[in-house]
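Reviewing the structure listed below.
Letters are used for the chains, namely A, B, C and D, taken in the order the chains are written, and counting of residues starts over at 1 for each.
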Amino acid sequence: MSNSELKHMQTLLPEWVETSRQQALHGKVASYIPELAKSPKDALGIHIVGAEGQVASAGDCGISFTMQSISKVFTLILALMDNGEEAVFAKVGMEPTGDSFNSMLKLELVQPGIPFNPLINAGAIAISSLIAGSSREEKSARVLDFFRNLSGNRALDYDNDVYLSEAKTANLNRSMAYFLKDKQVLQGEVEEVLDVYFRHCSISVTCADLARMALVMAHNGTDPVTGAELIPRRYVQIAKTFMITCGMYNASGEFAIQVGLPAKSGVSGGILAIVPGRYGIGVVGPSLHRKGNSIAGVHLLETLSRTFDLSLF
Amino acid sequence: MSNSELKHMQTLLPEWVETSRQQALHGKVASYIPELAKSPKDALGIHIVGAEGQVASAGDCGISFTMQSISKVFTLILALMDNGEEAVFAKVGMEPTGDSFNSMLKLELVQPGIPFNPLINAGAIAISSLIAGSSREEKSARVLDFFRNLSGNRALDYDNDVYLSEAKTANLNRSMAYFLKDKQVLQGEVEEVLDVYFRHCSISVTCADLARMALVMAHNGTDPVTGAELIPRRYVQIAKTFMITCGMYNASGEFAIQVGLPAKSGVSGGILAIVPGRYGIGVVGPSLHRKGNSIAGVHLLETLSRTFDLSLF
Amino acid sequence: MSNSELKHMQTLLPEWVETSRQQALHGKVASYIPELAKSPKDALGIHIVGAEGQVASAGDCGISFTMQSISKVFTLILALMDNGEEAVFAKVGMEPTGDSFNSMLKLELVQPGIPFNPLINAGAIAISSLIAGSSREEKSARVLDFFRNLSGNRALDYDNDVYLSEAKTANLNRSMAYFLKDKQVLQGEVEEVLDVYFRHCSISVTCADLARMALVMAHNGTDPVTGAELIPRRYVQIAKTFMITCGMYNASGEFAIQVGLPAKSGVSGGILAIVPGRYGIGVVGPSLHRKGNSIAGVHLLETLSRTFDLSLF
Amino acid sequence: MSNSELKHMQTLLPEWVETSRQQALHGKVASYIPELAKSPKDALGIHIVGAEGQVASAGDCGISFTMQSISKVFTLILALMDNGEEAVFAKVGMEPTGDSFNSMLKLELVQPGIPFNPLINAGAIAISSLIAGSSREEKSARVLDFFRNLSGNRALDYDNDVYLSEAKTANLNRSMAYFLKDKQVLQGEVEEVLDVYFRHCSISVTCADLARMALVMAHNGTDPVTGAELIPRRYVQIAKTFMITCGMYNASGEFAIQVGLPAKSGVSGGILAIVPGRYGIGVVGPSLHRKGNSIAGVHLLETLSRTFDLSLF
């Protein structure tokens, strides 16, 4: 059935992509990382993969883009695998904030000053400090290796220009990191932690890579194509829950109501979405809504979810 | 299968109730509404009902208690049925706040000053103003009638002492209501809107009533016992999504991770939880965690969800 | 000397008024109280009075306008005379907020939730509740009588249209009052307290009235013309200090640096300023700066203070 | 007269010091900079100097302590002398915040994100970036030289242990500095700016040094003993105004009402106070009130100001 559904999707996707692409006009490409500003504003691509590896795709799927915040889902998972639940949740909370992803308000206003969740910037920086490894190089190598395993793409690598652009302009992230250091949430050296963070944000992927990573999560951590057990099921469960409550920045509640799938967006315009038990989905559309999500990408996922009744709820 | 699972639950629940009941020591009974302070601190009861009306229950299920915030789920649904999605979401947002349920911070800090979601106090007050009816009496009568239909209990009624206690001491809710009036979120007369609000909060129920209301939602709006179509499926979907993202106050994220069921709590210690497609659950335990949820009730639901793998995620 | 200085001022004021009047273009007349929106935007008048009653004045001094927040200085003084320092400062603090005059943020964020100072709206409402009197009518009559004594103008009275306009549209003030009631800062009945507050805000004055009230404060509470001791010196000292730190809304710091005189502004465009030991000053200019002060009025006072070196600092 | 008044003060001070010293019990020595925690908790000293260099003093005046925030008054003045008013006030505002001295809330909440005033930490860091000099060493040397001139003490120098302790533990200041860098308030390299800041905070003084620096300000920038013109009068005026509105952290309003003198405190327990036209005062008492001011020092200044009627207001 999944197979025929994917075929049905394939017949509909090309036209939907053209319709959703119009939305790009109402958004903006992220420019705070100068390198990101070069992305094609009206690009839109989607790639869906099923349990036997069958595919539906449309639009600009050839584009490479950096994972940005999408990577936070997988560093969270790696930190859980490295440290266990208790150690991770001593450093980050489990609650959505209602604030912008780079807000520091709650760090100051709510004691004891730990980040509310691992998917806002402050939380993801705290998570980066929990990745096992004796040096920043080893930590980054472990992250990259994990991402390669999940995507089944051994060629996955950093976009060095974006990494450098990000490292140079990320003073707000530095500000957060020093705040966390002051509150003893971060143990390590700030620049080392940030380096791990900037690197995992700048891993370059395609929609197909994202879809494949999502597929592993859709099957509770086991790659359904290879049968490899890559993530313990409980950690997939935790990550999927966060994707519902906090995955789409401070538009997560709306996305849960309108789309209803665990998903994570990045300021590069990428979105990774999961149809539990069935599909992995990768989307890219660099023009962003005011709250930071791909405006055309969200529109496309909404059409898809409504038409095929994919919402978890 | 559902039948044998319920029987299995029935064998386990009594002991679990006794274990979870210990948690009550670490919490406090709500006292800001004086009438609530009279609730028995270490009471704990649970009632689970399946699609054919079969039941598992344990503990202090005989207790009556007021719905308080649990009622907000159903006034939201009634407001949706009365006004449609567009009109409702012009007055309340779809996002969790990360703040306390009675916080006014985001009303002032985030333009245009509409409540972030319908399950915090400010949002539920805005929803009360959307209930159709030509007078406060008619609005309240429509709410009560709707709740009676959902619970299948035509004897459902207000607890007048709690209503009066609430109306008299609710100056913080009045403050919110006048703020919303100033921002033109509330159209009607403030005291009339609040009267509707206080009344629906003080509807008195048992765990069995909550379980039955939850069962209707578990079956997408149709009472599986009577076959009556009581709520359009889309509105159940919206409500269930809000229950996941905002249903347990600013501990909703943690509850989603640890329990993973759509649920709504009230300061009376009640919790309504949904196992989609299967069960409706009602819980009561008046001793509250710092964030306002029944401390023993949450513990019990966690045990239940983990043992029977009930999480949506 | 004061006499010849006033004569010197009189020769300069007419031209200065014309220059400062240009600033009115860059501001806006307050409109949140509908009645205020009718004020002439480019009006500007100033009236300065010395210890022997000698006068310098220029511009539109014939205009009547309501005191609005200027009245808060004198209700604070009356509350101090009625209750003493200790009782008053149990209900309001002594600190500037850095926030807008109608902000509620600090009420929620800073325990124990009492208004930071008596010149922001929340603080002035708390002060209104401290005016002695057995009814709202008696309280308001005492306020009016006190204001008449200070201005030496027995004809001083309410502008009933502004009072009604204010009472009807003041839902944000109602919101604050109920918040304070919830925190037990307000003891009395909210609508009664607000009525006293709205009434004293709508007392109608001219620049000459303000100047005369300021003159009494400039002479430590004794009317230098009549010799009547109207305010204990310590309460004048307290009020003058608040006028420096909080008198010009959240532009008080800038006004202290650029003008350096104890002053209080109102959204009607009035400003009362004190040159200690010497003059009382009344200004009116309805076009307001973004932060709520008369834009032309502040410009005129700046010119005056710089030219005659009037700053306290 | 000033002379006989000082003699009168001298007769009263020793007993007052013993009375105020009792207050130290109710406070705490600052410990967030480890080196400061070594200060003697119940020490209290005061030194008052008049225009001809005559002196009244009592208590533990032999103690050396670091200037900490007191230095911010003089780096503000130096930055004004180096850059002029316009350039300085492009980088810092003129308003009190109502928040703690190390709060970042308003940086995020109030556009355009420049520090509210030069006496909170964020503002003082911005001011440090405005000190002229081609290197951090030259900037620090210019600051030290200026402070030596003002105090007439060419031996004034850094306390190197405090400087190192401060530099090592100041992650919250680093967080602020990177935030300001992100908002383009800071132009230079963050660690260089912070080094200038940490150094001027750790200049070691006695009460006599502070009193002498205050005396120069009390005489509008001219050292009355030597006749040297050290600061333009306008910049003294600006600094004195800030000392009234923001000099005593978020207890400045209360201090203005209870003492009424331009003053600046530091977390080392020092206070510099000015009696305009007359005296310079230096106080030290390491036990701090909750808001960061010397608890015994404030008590002593209150007694002094009330007895000799020194308030500006």
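We adopt the following convention: a contact is a pair of C-beta atoms (placed from the backbone, for glycine too) under 8 Å apart; a residue touches a chain by one contact, two chains touch by 3 or more.
Chain identities (UniProt): A, B, C, D = Glutaminase.
Nothing here was measured: the structure is a model prediction, and the numbers come from that model.
Contacts with subunit B (Glutaminase) and subunit C (Glutaminase) are shared by no chain at all. Subunit A (Glutaminase) and subunit C (Glutaminase) carry the same sequence, and matching their CA atoms takes a turn of 180 degrees, rounded to a multiple of 5. Taken over every residue number at the interface, the positions common to subunit A (Glutaminase) and subunit B (Glutaminase) amount to over half, indicating a same-residue contact.
Between subunit B (Glutaminase) and subunit D (Glutaminase), the centres computed from C-alpha atoms are 54 Å apart. Once the centre of each chain is set as its mean CA position, subunit C (Glutaminase) and subunit D (Glutaminase) turn out to be 32 Å apart. Annotation for subunit C (Glutaminase): residues 109 touch two or more other chains.
Every pair of chains meeting the contact definition is listed here: A-B, A-D, B-C, C-D. The touching residues of subunit A (Glutaminase), counted against subunit B (Glutaminase) in their complex, run 93-99, 106, 116-117, 237-238, 240-242, 244-246, 250-254, 256-257, 260, 262, 276, 311-313.
Interface of subunit B (Glutaminase) with subunit C (Glutaminase) (complex): residues 103-105, 108-109, 171-172, 174-179, 181-182, 190.
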